[in-house]
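Written out below as structure tokens is the structure these notes cover.
Chain nomenclature is as follows: A, B and C, assigned in order of appearance, with residue numbering initiated at 1 for each chain independently.
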Amino acid sequence: MLSASVRRTGLLAPTVITLFVFMVLPMGLMAWMSFLEPGTYGGVQWGHYSAKSYIQFLYEWDLDDQLVLNTDYVGIFLRSFLLAGGATLATLLIGFPTALYIALKDEKARNRWILLISIPFWTNLLVRTFAWMLLLRNGGLAEQFLSSIGLVKEELNILYTPTAVAIGLVYSFLPFMILPIYTSLEKMDWKLVEAAFDLGANRWMAFRRVILPLAMPGIVAGCMLVLIPALGSYFIPELLGGGKSLMIGNLIQNQFGASRNWPFGAALSFALLTVVMVTMIAYNLRFKRAPGADK
Amino acid sequence: MQQRQVAIHIDQVSMCFGQGAEQVTALDSVSLDILENEFFTLLGPSGCGKTTLLRLIAGFEQPTSGHLQLYGQRLEGTLPFQRPINTVFQSYALFPHLTVAKNIAFGLEMQKKPQNEIDATVEEMLALVKLKGFANRRPHQLSGGQQQRVALARALANRPKVLLLDESLSALDLKLRKEMQVELKRLQRETGITFIFVTHDQEEALTMSDRIAVMSGGVVQQVGAPADIYDRPVNRFVADFIGETNFLNAVVVTDGFDLGKLGTLPYPVSKLGLGSKVTLALRPERLCFSEDGLPGVVENVVYMGTDTIYHISLQDQPGMHVRLQNDYGAQAAYQIGNSVKVGVLADSIRVLED
Amino acid sequence: MTTSVNPLWRFRGVAGTAWFAMVYLYLPILILIVLSFNANKVATIWSGFSLQWYSVVLDNPNIMRAAKNSLIIASCATVVSTVFATLAALAMSGPTFRGQSVINAMLGLPLLAPEIVTAVASLLFFLAIGMELGLLSVLVAHVVFCIPFAYMPIRARLEGMDPRYKEAASDLYATPWATFWRITLPLLMPGVVSGAMLAFIISLDDFVITFFVAGAGATTLPVYIFGMIRMGITPEVNAISAMMLLVSILFVILSWLVGRVKQ
């Protein structure tokens, strides 16, 4: 019989090697490439180091090679955070009452609701985003409906705006908010809420003083699950925002498409990854849990 | 009585968990002989080491020191699947993905017994535990009592030399537990297998066992037949843990025990050292009310159906309980606040030397 | 909770919000499915029931090729990632060892990192090592992000497994090898199945990473649909989108039913 540690190494090797070679190494390579000079027709100039990509984030070079402040990219970063943060807040406002409603149902109804919430979660997001284009575009169904009840007189003009992107983000990530909150509410001992009622709390007070604090881990987890992918989303702003580099994701993709500036694309990706990692570490420190998938 | 063989010989077995300052001694140099064909019970409060001892016999753990023998064969280094010993687990551990019949057949299949023999044994076991017709059910389709019987059948099917039962009845409700107690005793008689039963329920231990080992703090306090343990506890722990006991603090004088302000209790103290301090253990049901007893006051009267328990306060001594059987239609003989005298017969006194 | 009828638990506005969420989630899906049966050439104006756009889709060789690529990649990625994840979960559920938290962090990385970052890093890596962008690069990238998804349910299943089952098997004369095949693996199977289903659907649905690392010959269905959407909203896109939706919905319901039967 093999010794325990030899067997364990053998069992772990395929996963660890795959993840290391095709996930960790590429991330490192990406960080390294962000410090290289861009090639003229895409690619990088190996061995030519520079911090250009990071300077480029705030400044541009004018015709005389002078650094001039350029707030375009900062603006895109800020807009990304605003849209992602706003979407997180909106999903929380819709998601918490929904989770509470489901958690208060009897078991059969609860399972049915959770199935219904999970189905969009597993169906193709690209296709569901496309469905919103059908709804929101001029002459689309939302416009037809709103004009039939007299709310809109002319064209809706909502597709290809930040509003459309916000609607799409909230829609896409709503299940990510509902499910973890539901999980924490479902595990909750409702006797505690009964105790609060018994001690004279009305519904609002019981909600604020007992339910909300006990659901906090679920709320925080839900916010992370919405905020992180929303920050890095690419095709939602691309399709609903009309390809105008509304968010970081579009800007990054652009560096590998039209702009052909790989180091800048790598730098933007690395910056986004850093923001996400810092948020995750802060979350783990605050909630004292081991990092990673092992939850 | 004929000399019986020793089935399990436990020699100075110690078991420690953890390391350094956090080390916990679960068993402290335990020695025991469990005889062939015996219903032997390990009894004690939770954390006394009884389950650890059972797991050592089964082979799930190895002792820190000391050794175990099965019919004279050392058990060190043999793994659970190499020992002709089977366990009925506390939560039964019936394999949820296998049917009742497959569960019972599991051990035989692992030993590569011929299929016709396995089939016959499964049939026989199902009959033995009265579960004919349940062969194709899954464990979750059975009641707690039925699961218990399957767990028993699964272990017995292998005809083990020793059967271990780990708190096996504790998950059942009271009525079912009583039934299973009788059932277990019957199975043990019919199969002639040595049963080692672990429980914290003293009543269960007293009703079923041939012999009992009372354990506490990783040490065996007393080993003996139920009546021995009940009537002649060797120390205060055993007296207190088994049944209900009143304790009186006494000093040995020439004609009996000096109980302070209560006076002297006559007793043939010839074997005891004069002036030594002792504890007297008195069972509530062995006491009565009589003219020449110890004076006390009734503090509380608890009606129990068959009996009434009187709580008596005494001067200089802890309170006592006196248990009297109720006659048909009789009223309680005394009320709260009545002065009474508690009669103590010399042969009901158990002297525990401190 | 069985107290939904009890007025004590009626929090104001909760039911309304929940139903709003439901409509919000399902309205676009329903409309897309309905419009896919629209006879009209303009995608959002209804003019009668028709299946013609489905036949257009099924006659389009590019779509069929993309669908074939998607299935090949999803199947291979599922098998590889589920096997890897099962082995890893078995090792991780044993006694704790040094470096375990590092491996945990590695398993979490594909879940945490925004897809676009993973996509960029993978693209740069494949180009740097001179690997040709094609089916193989897509497959490798898919295996990487499928592993954590396959791992989670398998690990959870192992975690929830009563250690007494193994002890009981051992007590009943099963060697460690027999215990694994007769007890551990059958009990683990529901976790392996749901892990594999998760990996399959995640791979089938992936767009961003595939979009970056797929060369010309390795276009998958989502990448092809994206291209079609950018060309304009056509009834053909409606039909293929509706087909993708129905496939995933069927898949989820199937896995739900499998889960229910197992209980």
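The working rule: a residue touches a chain if its C-beta (ideal position, glycine included) is under 8 Å from a C-beta of that chain, and two chains touch if they have at least 3 such contacts.
Since the model is a prediction, treat every value here as computed from it, not as a measurement.
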item	value
Topology of the chain contact graph, where touching chains are joined (line, ring, star, complete, other)	line
Chain at the geometric heart of the assembly (C-alpha centres)	C
Busiest interface, counted in C-beta pairs	A-C
For chain A paired with chain B, centre-to-centre distance based on mean C-alpha positions, whole Å	60
Averaged-CA centre spacing for the pair chain C and chain B, given as whole angstrom	55
Between chain A and chain C, centroid-to-centroid distance (C-alpha), Å	17
Chain B residues counted as touching two or more neighbouring chains	none
Residue numbers on chain C that touch chain A, as the complex places them	1-4, 8-15, 17-18, 20-22, 24-29, 31-32, 35, 43-44, 83-85, 87-88, 90-92, 94-95, 97, 101, 103-118, 120-125, 127-128, 140-141, 143-144, 147-148, 151-152, 155, 176, 201, 204-205, 207-208, 212, 222, 225-226, 229-230, 233, 237-238, 241, 244-245, 248-249, 251-253, 256
Chain B residues within the chain C interface of the complex	58-60, 79-82, 85-87, 89, 91, 93, 95-97, 106-107, 110-111, 154-155, 158
Contact set on chain C toward chain B in their complex	162, 164-165, 167-175, 178, 182-183, 186-187
Residues of chain A touching chain C in the complex	1, 4-5, 7-8, 10-12, 14-16, 18-20, 22-27, 29-30, 33, 43, 94-95, 97-98, 100-107, 109, 113, 115-120, 122-128, 130-135, 137, 139-141, 171, 174-175, 178, 190, 197, 203, 207, 228-229, 231-235, 239, 243, 248-249, 252-253, 256, 262, 265-266, 269-270, 272-273, 276-277, 280, 290-294
